[in-house]
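Written below as structure tokens is the structure these notes are about.
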Amino acid sequence: MASDVERAIEAILMVADEPIPPDLLAQVLEVSTVRVEELCRELATRYAVDDRGFQLVRVAGGYRYQSHPDMAAYVERFVLEGQTARLSAAALETLAIVAYKQPVSRAQVSAIRGVNVDGVMRTLQQRGYVAEVGRDPGPGQAVLYGTTPLFLEKLGLDSTDQLPPLGEFVPGPEVVEALEYGLRVDADGEREEHRDAGDTSGEAPSAEG
Amino acid sequence: MAYEVATPVFEGPFDLLLHLILREQVEIWDITLSTIVDAYLGELTRMGALDLDVATEFLLIAATLVELKTRRMLPGSDDVDLDEELALWEERDLLLARLLECKTFKDASAALQRLSEAAERSFPRRAGLEDRFLDLTPDLMAGVTAEKLRAAFLKAVAPKPVPRVDLDHVAPIRASVRDAIDELADELPRAGRITFRRLTADLVERLAVIVRFLAVLELFKQGLVDLDQGERFGDIEIVWLGGEHARLDADLVDAYEG
Amino acid sequence: MASDVERAIEAILMVADEPIPPDLLAQVLEVSTVRVEELCRELATRYAVDDRGFQLVRVAGGYRYQSHPDMAAYVERFVLEGQTARLSAAALETLAIVAYKQPVSRAQVSAIRGVNVDGVMRTLQQRGYVAEVGRDPGPGQAVLYGTTPLFLEKLGLDSTDQLPPLGEFVPGPEVVEALEYGLRVDADGEREEHRDAGDTSGEAPSAEG
């Protein structure tokens, strides 16, 4: 019978998308770091004994699940055959915002899309289409992102100046202002949704981009 | 932005009507016309920033209700137009059907909410590919053109909520049947006999006229006024029957709370 | 001893970031879809029997790992981002109508709710629960909407077939009766209405009048 702490470790590591340091686990689970490490070792052994297709490993100062190296051939085939998917609509929109608004912070992109974009931004960074290009000089010192030479290469462009002009479809500053006003005073549900975008000051995108 | 604040404010005219008929522990046959109309007016007033579409819907439903209600309150007459009668029944059936449909989806949405709450207790693994496999992934930007990128951007920045129309300069409607009754009870004993047209001559808002009409009907129901209409659509003469000092507040309050 | 196919399924699902359809797994692993489904069920049972802190579930037409619902309290602290805001009652009702009536136009949804739903529909689209799925072939060519796989994920359903049947929510006879009574036009009510006015019967014209 698995203990609750053990099960909690499994649950947390299953949804984490980066290695979780044992002391963080210890803090959340209110047990000692030593105990966490002990339990993680036990779990890793258990998965090995049970001959699972995944492993619990310690990397980069933390624990994470990963596919078993024995299964690499299948995973590779899955990646090659399966992921025929192009950029998702969400990823494309996010990429477009970074392209037209760069340099831009993650919070600003979130504010425009109205949803959290952390996962998508990470993917775009991983693919090398987007990279950190600096920091906001303002108080928050937010990381600013821009597109990469690889991105331009994929589009067959020499520079971002060659991106197609946006024309008159971009809402003017008054619309953006009204929009932000709307976000601020809207009904409960809406406010919730945009709350995490609200803490970034100066998120009003300038009309000229 | 559409008017969509949740409870205790109502989300729409159906919502309110369902509430009035089903949820209030009020014997429905005792809901007075003024209760219903006041509830609708109250909602309209509460919509601080007035959404015209919603307000219109509220008024439309309120109008149908008022029609049903007045039909019930006024004495039946022999020369009732059969077509009109049928039309009213049709309207009622339509309203009933819409209410039932609305109620169905309301309950369905509660079931979806429960499903979603259960599902929310589990979090999906979204870690994605380990670094060692990243190089394998095919070119995700294949097929993405500059034009598509532009289209995606325009879609992303398209105004989401509709900019709010500033209606602060529009005076909120502050009419309630109850207030109108109080006014009339003050005014009518002095006038004794007056036509409806004269009684409402100084009212600019159509809604205020309607409210006053409803108040007159309510007084008629109470037996405090007599009504006389020479011809269809002709002016209505109102005769005060309550005596000079008929302070009817108590009676009326009772009627409202019923 | 776990079979290679079983282990490969575990490995692949561990690196996936969305539910993976069984036929894709079947294709990559060169076994039948039926076999994949069988193995996935077995794995899910195994994790449950072993009392793991995670689950293998079928949702939105595919398989995925997720944390065990029992562990929600622990996991929540690790997934601050990406957590979806609650939907307002208005949004939920609109979503329910789209779910059961799809494909459905915005005007049809409005008609049912009795209020304008443009704002709510936009919110639902932005959050990815609802998408355009086609156009009405009729004269107006109205855009038709339907629910998305993300909607299914949010509800933990495999497909829209799993939605509770709408018939379950049709109001019972007592509600219909109450509504009918509340909206009655006939003379029945009149008698009731005028009863309390009885003390002034002299003036009040009789109902038959």
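The letters A, B and C name the chains in turn, as written, and every chain counts its residues from 1.
In this text, a residue touches a chain if its C-beta (ideal position, glycine included) is under 8 Å from a C-beta of that chain, and two chains touch if they have at least 3 such contacts.
Fair warning: this is a prediction, and the values are worked out from it, not measured in the lab.
Chain pairs A-B and B-C differ in how many C-beta pairs are in contact, and the one with more is B-C. Innermost chain of the displayed assembly, by C-alpha centre distance to the whole-protein C-alpha centre, is C. A separation of 27 Å divides the Cα centre of chain B from that of chain C. Taking the mean of the C-alpha atoms as each chain's centre, chain A and chain B sit 44 Å apart.
Residue positions of chain B with contacts to 2 or more other chains are 1, 4, 6, 123-130, 133, 160-162.
The set of chain A residues that touch two or more partner chains comprises 11, 14-16, 65-67, 75, 79, 113-114, 119, 187-190.
In the complex of the two chains, the chain A residues touching chain B come out as 11, 14-18, 64-67, 72, 75-76, 79-80, 83-87, 89, 91-97, 99-100, 112-114, 119, 123, 126-127, 129, 151, 154-157, 162-164, 166, 169-171, 175, 178-179, 181-183, 185-190, 205.
Residues of chain A touching chain C in their complex: 1-2, 6-12, 14-16, 20, 28-29, 50-54, 65-68, 70-71, 74-75, 77-79, 81-82, 90, 113-116, 118-119, 187-190, 192-193, 195.
Against chain C, the residues of chain B that register as touching in their complex are 1-4, 6-7, 11-15, 20-22, 28-29, 31, 51, 53-54, 57, 61, 65, 68, 71-73, 75-77, 88-89, 92, 95-96, 98-113, 115-116, 118-130, 133, 160-162, 220-224, 226, 241, 255, 258. By the touch rule above, chain B contacts chain A in their complex via residues 1, 4-6, 123-130, 132-134, 136-150, 152-164.
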